[in-house]
Amino acid sequence: MIWPIDLAILTLVVIAGIGALMVKDLLGAAILFGAYSFMMCLLWSIMGAVDVAFTEASVGAGVSTVFFVAAVFRTSRRTKD
Amino acid sequence: MKIIGLIITVVTGALLIYAAADFPAWSDPASPASTYLSPHFIEKTMEETSVPNIVTAVLADYRGFDTMFETTVIFSAGVVCFFLLRISRREEEEPETRYYRHVLTGVTIQLKEGYKMPPSADFERIDAVWTPPDLIIKTGCRILIPFVQLFALYVIAHGHHSPGGGFQGGVILGASVILLAISHDLRTAVRRMSEKLIGILCAVGVFIYAGTGALCLLLKQNFLDYSALAGVLHVDPITARSHGILIVEIGVGIAVLATMIWIYNNISSAGRYRQGL
Amino acid sequence: MSEQYPALLVIVPLLSALVVSVAGWVNKRWCFPIAVAALSVSAWSSVGLLFRVLNEGVIVYKLGGWSPPMGIAYYIDYLNGLVLPVVSIVALLNLISSKRTVEQQFPDKTGPFYTLYVLMVTGLLGIVVTGDAFNLYVLLEIASLTGYGLLAMGEERAPLATLNYLYMGTIGACFYLLGIGYLYIVTGSLNMVDIARLLPPLYQSKAVLAAFIICMVGVWLKMAFFPLHAWLPNAYTFANSASSSLIAPLVTKVMVYVMIRLMLTIFTPKFVFNTLAVHDAVVWLAVIAIAMGAVLALKERNLKKMLTYIVVAEVGYMVGGAWLGNRAGLTGAVLHIVNDALMTLCVFLVVGNIVYKIKGYAFGDLKGLFAKMPFTMGAFVIGALSIIGVPPTCGFFSKWYLILGAIQAHQYGFMVALLFSSLINVVLFFRVFEIGFYEPFSDHEGHEHHPAVMAEAPLTMLVPLYVVAISLILVGLYTGDIVNHIVQFVIPKGFM
Amino acid sequence: MTDLISMVVAKYNYWIYITLMMIGLYAMIAKNNLVKKIVGMNIFQTAIILFYVSIGVKKGATIPILEHGHGPNAHHVVHAVDYINPLPHVLMLTAIVVGVATLGVALALAIRIYNNYNTLEEDEILAQVREK
């Protein structure tokens, strides 16, 4: 395991997670959530959980983000927090 | 609410940090989790099931019962989304305003109160909220989709030897149809895979899994004991386990494929299939 | 065939849920008979299993032919042997009774409704029968997801109430999952019996303590134990009556079963009552739960919501009884799982009948109901007497054991809370009787009809209701046999 | 002090998981927007998955796919220390699936609520409910 990469990804995971919750636009939150999932997937593949990482890449970063975007499209992008 | 949330969060976090002190060191090969059950799986999987990918073997055989219910969870999510969102057929058959666009000139025609236009090559039906078609996106996706689907089939079939399996492959297959719906429109995707087909495929996928288990039951073995299939498949019991895993992975793939499209269709159109994302 | 009962119990409903779902697309009329047939098979196998447990003791069924702890196994002992028939029979009776309501409320969606219904019963039966801690989580999620779907179809406020339930339920299930992860990291096993075998040397570990607390909080969230009950009343009140009369009797009771299973099988009473010694605090929490449930129920002017607060109070009975840590208390708690499932089913079926005929359940809608629906209200009286705890109905006997346990454990606060809540229940139900009996019937425009015309619910709704009402009395009369032949074997050694 | 630092360094994955879980839990309780709560719920679930995956990691081991499974070199002796613990991975595949299923149901409910009240802010919805 290469620790600088590891540390960089861990930091990005936390930043993306907080960003998804802070941003004042639901579409932005959905996309940041996709980024969060993808960083998580990288983290797991570093840890050797290849099957889990593969699933997270297709489900978390792929289909979940699409669901979010579709739901935001059907409702509203507006948010107060 | 914010203060209560903060208090609950801090208390939970403190409890978890307090407990983490007694964990075995991280990545320690001598921790109980690594020495109790997992050596059996790692060392015996090959001789007991003949599947090199240990995760696949444990997923679909040793803990196959979990995976069957995992597929059922996805299936029930699909049914719930349909149940909650889908507008009933009677309501949808009310006369609607249709929009048609002349392909060459771009003139839009509005037909009220259920009038239809006879199918012709000059006019295409469009949504009320219409965005101009992007040639690059449409063509790009049309080229991409077959390759995505080919890759998905590879992922399902090669799950015994490499990361992947029914679930990941099914999601990718579903995503290819969702891509079609996004790049064109929902109506195009629904024309390719009708709602009824999707609804039946979901159930069929889970049925393949549970039915394989029930077949083992009928062949006088315990539920999901694939070695019972040896007589049916004309192979030895260990290879029968490997084949049994492949069969259930295909079932998972079908169920997940259909459910992902189903959930997407219902969410993106809020239950009215006439217009979606 | 009888050695395959444990598999049939869960597999038959699962397979038929899939068939029902396909039938919903082909011909809707087949859905209901298939669902009834499936749940009848489950009920039959669960009763068969109970008799096998009585004759042979604990049954172990290995799924996939892998012996535990490698694979997943079912363990059926006296505790889940008793709970299984209750779950399957309650679900079957409610299914038959709610046929008309479902056709009235979702004419287009009967297929998905019955699919979700049968899947939910599959999940609940699986939770009760499984011997694997992680398998329990997966089945819990099936039961919850289908439950969200069923509850959200109702009045205008139902989706919001259900979404709140979904947040709370997800936190609860995730806490349970996390607790199992903590146990896995220190023991390396997921099988309940195996974890119990590996745990004793680790009782002083902080990780085990945290695992216990997290699991308990998760399960309490799911069963709506005070102060984590906030999601329950709205979610159950605004749902359609067919779903609420399935979910209100079963979900909280099954979660109480999971709590008792965690306490007795995974963590063992030695850890819970000797190493931890927090049972006094939990019993006091149960006292507050009962008192708050009763007081909040008193405040409601709406029959269904009043009943949901009674459900919250009843959860307090069972949690308190289980945490008293003695023979009588645990007997009372286990008996109350059975009794409360039947009592709650009885009163919620009555609400279902009233909603079917009157289209309302506020106190104002109940005027003159004894004249209008005498048979329905007759069953309501039996259910109400049982909840109050009048002998010979079954509610009296479980309450008797609970009070006995409270006295033996010197928990007089719990005893007072039980008596107080019985008193409040008397007030609650007699207020409803009074409105139903003395006030003249009036329709929504306020025109008084005198005398009210009898408009009883159809026979398909009345027969299951009366089966439940009579079983309330029968279970009460045979309480002694149930305790002597089944419940006393649930009590672990060393309980006084 | 050095003890503390070495403990922090040795288990840093666990600290990250606890941080993410706290973020998710706080968002689920304190956020006002329904979709934001759903994002928080997903972060909460992924944090638990991260915890499980961290259990499985083993120093000096490779991914849990046997080399030379079939072919001439098959049936050589497999040593457990060479491969990562596969069991948590299996469990977490299931948990990811449960997560996406819950997400679908939650979004469907959010759309239903939006259709009823025309907003996703919880306080605005409650204000509308109180008015009626």
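As written, the chains take the letters A, B, C and D, and residue 1 is the first residue of each chain.
Rule of thumb we're sticking to: a contact is a pair of C-beta atoms (placed from the backbone, for glycine too) under 8 Å apart; a residue touches a chain by one contact, two chains touch by 3 or more.
Given the structure is predicted, the values throughout are model-derived calculations rather than measurements.
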Chain pair, B-C or A-D, that carries the greater number of C-beta contacts: B-C
Centroid distance [mean C-alpha coordinates] between chain C and chain B, Å: 32
CA centroid of chain A to CA centroid of chain C, Å: 38
Approximate Å spacing (C-alpha centroids) for the pair chain A, chain D: 11
Inter-centroid spacing, chain D versus chain B (mean Cα positions, whole Å): 19
Multi-chain contact residues (two or more partners), chain C: 134, 138, 141, 145, 148-149, 152, 159, 184-185, 190
Sequence positions of chain B contacting 2 or more other chains: 16, 20-21, 23, 31, 33-34, 37-38, 41, 53, 55, 63, 66, 70, 73, 76-77, 80, 84, 163, 167, 263, 267, 270
For chain D, residues contacting two or more additional chains: 12, 19, 25, 54-57, 61, 63-65, 87-89, 91, 93-94, 97-98, 100-102, 104-105, 107, 109-112
Chain pairs that touch, as defined at the top of this document: A-B, A-D, B-C, B-D, C-D
Residue numbers on chain B that touch chain A, as the complex places them: 53, 55-56, 163-165, 167-168, 171-172, 174-175, 178, 182, 260, 263-264, 267-270, 276-277
Residues of chain D defined as touching chain A within the complex: 12, 16, 19-20, 23-24, 27, 31-33, 35-36, 39-40, 42-43, 46, 49-50, 53-54, 56-57, 61-65, 84, 88-89, 92-93, 96-97, 99-100, 103-104, 107, 110-111, 114, 119-121
Chain B residues within the chain C interface of the complex: 15-16, 18-24, 31-38, 40-41, 61-66, 68-70, 72-73, 75-77, 79-80, 82-84, 86, 88-90, 196, 199-200, 202-204, 206-207, 210-211, 213-214, 217, 221-227
Chain C - residues contacting chain D, complex: 134, 138, 141, 145, 148-149, 152, 156-157, 159-160, 162-163, 166-167, 170-171, 174, 177-178, 181, 184-185, 190
Partner chain C, residues of chain D touching it in the complex: 25, 28, 34, 37, 41, 44-45, 48, 51-52, 55, 87-88, 91, 94-95, 98, 101-102, 105-106, 109-110, 112-113, 116-117, 125, 129
